[in-house]
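Lettered A, B and C in written order, each chain numbered from 1.
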Amino acid sequence: MLAFVIRRVGQSILVLLIVGLVAFSMFRFVGDPIDNMLGQERTIEDVERLRAQLGLDQPFPVQYFRFLEGAIQGNFGVSYRQGREVSEILLERAPATLELAFVSGVLAIAIGIMLGVFTAIRRNGATAHIIMAASLIGVSLPTFLIGILLIYLFSVELGWLPSFGRGETVSIGDWWTTGFLTESGRKALILPAITLGLYQMTLIMRLVRSEMLEVLRQDYIRFARARGLKERAVNFHHALKNTMVPVVTVIGLQLGAIIAFAIITETVFQWPGVGLLFINAIQFVDIPVMAAYLMLISVMFVGINLLVDILYVFIDPRLRVDRTGGHS
Amino acid sequence: MKRTIFAFLASTVVALPVGAAEFTWAETTDPQTMDPHAVNSTPVLGFLNNVYEGLVRRGKDMSVEPALATDWEPIGDGEGWRFTLREGVTFHDGAEFNADDVIFSYERASDEGSDTRSWFAPISEVVKVDDYTVDFMTSAPNPIFPSSIANWMIMDSGWAEANNATLPDKENGNYATINANGTGAFKVTAREPGLRTELMPHDGWWGDVEHNITKATLTPIQNPATALAALLSGDVDFINPVPIQDVARLQSDPDVNVIQGIEARIIMLGFPHEADALKYSAETSDKNPFADVRVRQAVAHAVNVPAILQTTMRGNAEPASQLVSPAMNGYSEGLSERPAYDPEKAKALLAEAGYPDGFSFGLKCPNNRYLNDEAVCQAITGMLAQVGITATLDAMPVQNYWPELRADNYDMYLLGWSPGTFDAEHPIRFLAATPNEEKKLGSWNFGGFSNARVDELLPMIQSEIDADKRQAMLDETAKILQDEVAYVPLYVQPLVWGTRSNIELTQRPDNFFILRWVTVN
Amino acid sequence: MTDTQTNQAAPPEAVDKSLWQDFRESDFFYAFKRSPVALVSFAVVCILVLSAVFAPLIAPTNPFDPASLNLMNGFTPPLEPNAFTGDAFLMGTDDQGRDVFSTILYGMRISLFVGASAVLFAMVLGITLGLVSGYFGGWTETIIMRVADVQLTFPSILVAMLIFGIAKGFTPVEYRDQMAIWVLILAIGLSDWVQFARVVRGATLVEKSKDYVAAARLIGRSPWAIMLKHILPNALSPVLVIATISLALAIIAEATLSFLGVGAPPTQPSLGTLIRIGQGFLFSGEWWILFFPACTLLALALSVNLLGDWLRDALNPRLR
């Protein structure tokens, strides 16, 4: 058991190192930050001097090593664009993304499970069929288009909800800011959360439905029914409970996907989170920010992966880890 | 909230022309720094013009007017310029402004790590005469020096020293990167980079207050559709820019206004004058047709600029014939005709040059730098194909674009140029002079255009004091560039701002948004 | 993917003359005939694929030929004559004066080509790695499954942006313009193989322990023959389901990537690029530039998704 955990942790660290290497090697092709940092009246001399100052004239392995050295100590350097510590910027932006991810995750889980159970119980009903088909519309259009259509409908035409940003935020503690406590903050959350959570909602709904169908035909459910238990009790108490293991796994893995896909939602809604920060960093070739973001995402994904694997072994030692993280 | 506004009104109602108000605006890019000497770019300088001030400033019509200097005059026979400083000016933190701040700001802005350094290339020495008089000595007569420093902003020496920000630091940033302390009409009261920057009026400002703003907030919104939605739904009061295609829709909406003007920026096509061969040609890889002036003329005649302006620009831009727009100082009035759209003539010129069947080549284009840049390049690709020269269009984000051009990876490219000095000399220095690293000439002349007479005229233009003689030389240069088709100027980029209908403001061709000219009704 | 394995596929030896007849008499075909959803979505997919394949014959103009475009035709509303040229177009024209109908047909070709190639690539890669890791186990398995973790670590859009950047650095300058399409295929394919690998590996683990595999091994058949002839057929139905759903995902992914600026070039637009361009005209009143491509994409992705959905249920006998 312990050996397994140690082995998996070791592998995870290796994975992180590789991710770092791949991410870092990509930056050489993203563009040249120098042009963005100097105005149009710069001379070739200025360009060379700044390049040397930033260490961009060093050979690639040297740059990677310097990056790793800093990253291990939690120091990702200074943003080319903002001239501030990257870790400080990330901390400042993280609450926005986490709150958005949290709300869309909760929405996706709650609505997804509800609709999943419903469509499984009424598997041949017309409503269930309509829900099943309609849920596919959400995954048959690109996210950015859904976001823009929502803005067009609810902000421009109806004027109900704000078109961008986080609304007013309230600071809690040293660095956390929340939009939950103000009305404009809560309103601003609605459209981005729907846009971001739609895909996961469909996913969870379909997963719950197929798991439920599977469970509902098991013998013990039939016995429960035969014993005269109420339909509701059977459905929720017995059936749904037993579908939860795979559902929880997928939700865990999808958490990372939500944060990654926030890139697009945040761009469309000008949501001030880490995804928008990353897109801005790409446009500016802000290498320290890009590197830190990718490492952060990797740590999160690998961490979740590791946790799920270990939990699996705890829950059912017979299971040699085999799960699907994909879209089912 | 209501109560605080009321209290505020009561205390300042005398100073404000109309009812006071809060104002929110959105731009595509956030100013990346609050340091006025660190980055020489429109978003930074435009924003900081509200916070910092220079010795001189530009008025609503772009004319140079007194700011921190009340007066300036040439010293002797073009040896330099003497500036008389305004007395009784205070910085936002209350410190007094005097000649020491000017000397300090000169040293700071002309340091090697400063992006504004090139403005001071003509300066040999700066001398403090007394607390309110400063002499700028130039190595050669320099008639345009006062107007060339309109964006050079004065920082308080005491504040910079106290906060360890005596030099701009691009690499690591310093106190001045996120804080500001100028003499301008507005002070920065909150700054969250990339999210929100909040300004409040500077109570001790020396000038006459024209605005009625109590608080102004800048939010960057990148996606043009989102910014437009924010304006339409009333979430913001002003956006810059408005996507060109949406002008008509905004004009028909009673709640919003569109303010249109012409920017200082000329959009043009550039050629590889120096290259021996085309890089992206299927069949003409051993020679460079664009080295032949007839081929360049053919390109100029093949591009249907009126159609681009009509369709892609929706009638919101003006054609261009030179490297500067008519609004700039030194524009050549006699050379305002651009080559007519004439595909037959283009074909004839190509045949004459030895390419009756045309040739193929590669056109490079940015896709996020200029208004509708990608669509314009696409249209040009079609027009050139119609006279027989077929371009493969490669459009890319600007962060990849400049390195590509520097590596000479193009057969033709699209370039926009906005002269920082608002003078016709500027593009000659950067785009037409033979590239010379030592003399810092031709640094954006990617194609290596070279003409001995232009090189000879440039220093003469730079030091000529007599306006008529100077104009004659500028005309001569412009004529050479037209005859040689060094570039194909296409059009002047339009400037389109959108406001809620209760907002009044003034638009300047340098695309600077000046908050002190805003009135909220 | 809960239906990891089904024992539906016939033993491979049984493939004989009347394959078509077998198919027509199968439960599968019977269920297909009886499901209106399956019939309709299959028909829609067929129509769209055929019109994409035969686009050069159907489309009134060739939007990929820049010399044939007239900029003055730009922004013509559907079925209304243009104010300057008098030309009229079924679905109007876009900002370049391209006929939207033709552009959709040609764009769908690119979208389908990218989507299908990406899925094919992901499938081949995923099946191979899944079989190998399941069959051989040990270090091979560990390495492949950790690589899969890395893959999942990088969200598909990031993988694509990364590959795009690297490919740009390595492709010789003269091939850059064709590069975009292949890079898209590679990028989308690479971000999709993990699911195939996991399903196939699961099936392999189950089948490996069965007697007939042991028997095959005893009589000296090569591991590859065993994997391909005995094990793989058992994993085919989940693979088919994943492939169908992946196709819809790949087409959407291509559209998303073009929003981030790493899609097909604007001179040869895919459906995704058309939507990216069209969204800029949503507020300005030229609704047709966005509306028609978006509807086409929706119809295509939705029917592929519905088909995949139906397939999943149909191939899982326990759910019938």
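The definition used in the following text is that a residue touches a chain if its C-beta (ideal position, glycine included) is under 8 Å from a C-beta of that chain, and two chains touch if they have at least 3 such contacts.
The structure presented is a predicted model; accordingly, all values stated were derived computationally and were not measured.
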Item to check | Most centrally placed chain, judged by C-alpha centres | outcome: A
Checklist entry - Would you say B-C or A-C is joined by more C-beta pairs in contact? => result A-C
Checklist outcome for this item: dist(centroid_CA(chain A), centroid_CA(chain B)) in Å evaluates to 39
Checklist entry - From the C-alpha centre of chain A to that of chain C, how far is it in Å? => result 24
Checklist entry - Which integer distance in Å separates the CA centroid of chain B from that of chain C? => result 46
Checklist outcome for this item: Residues in chain B with touches to at least two other chains are numbered 225, 229, 232, 368, 397, 400
Item to check | Multi-partner residues of chain C (each touching 2 or more other chains) | outcome: 168, 279, 282-283
Item to check | chain A, residues touching no fewer than two other chains | outcome: 30, 148, 152, 156, 267, 279, 282
Checklist entry - Can you list the residues on chain B that touch chain A in the complex? => result 32-33, 38-41, 112, 115-119, 169-174, 177-178, 192-195, 219-223, 225-227, 229-230, 232-235, 368, 397-400, 402-403, 417-418, 420, 430, 437, 440, 443-444
Item to check | Residues of chain B touching chain C in the complex | outcome: 224-225, 228-229, 232, 243, 245-246, 248-249, 279-280, 304, 307-308, 310-312, 362, 367-368, 374-375, 378-379, 381-383, 385-386, 390-395, 397, 400, 409
Item to check | Touching residues (chain side chain C, partner chain B) in the complex | outcome: 65-67, 69, 71-72, 74-75, 95-97, 168, 173-174, 176-177, 261, 265-267, 279-286
Checklist entry - Residues of chain A touching chain B in their complex? => result 30-33, 35-46, 49-50, 53-54, 78-79, 81-84, 89, 92, 148, 151-152, 155-156, 159, 162-165, 267-270, 272, 276-277, 279-280, 282-285
Item to check | Touching residues on chain A, where the partner in the complex is chain C | outcome: 11-12, 14-15, 18-19, 22-23, 25-26, 28-30, 129, 132-133, 136-137, 139-145, 148, 152, 156, 206-207, 210-211, 213-214, 217, 246, 253, 256-257, 260-261, 263-264, 267, 279, 282, 294, 297-298, 301-302, 305, 320, 322-328
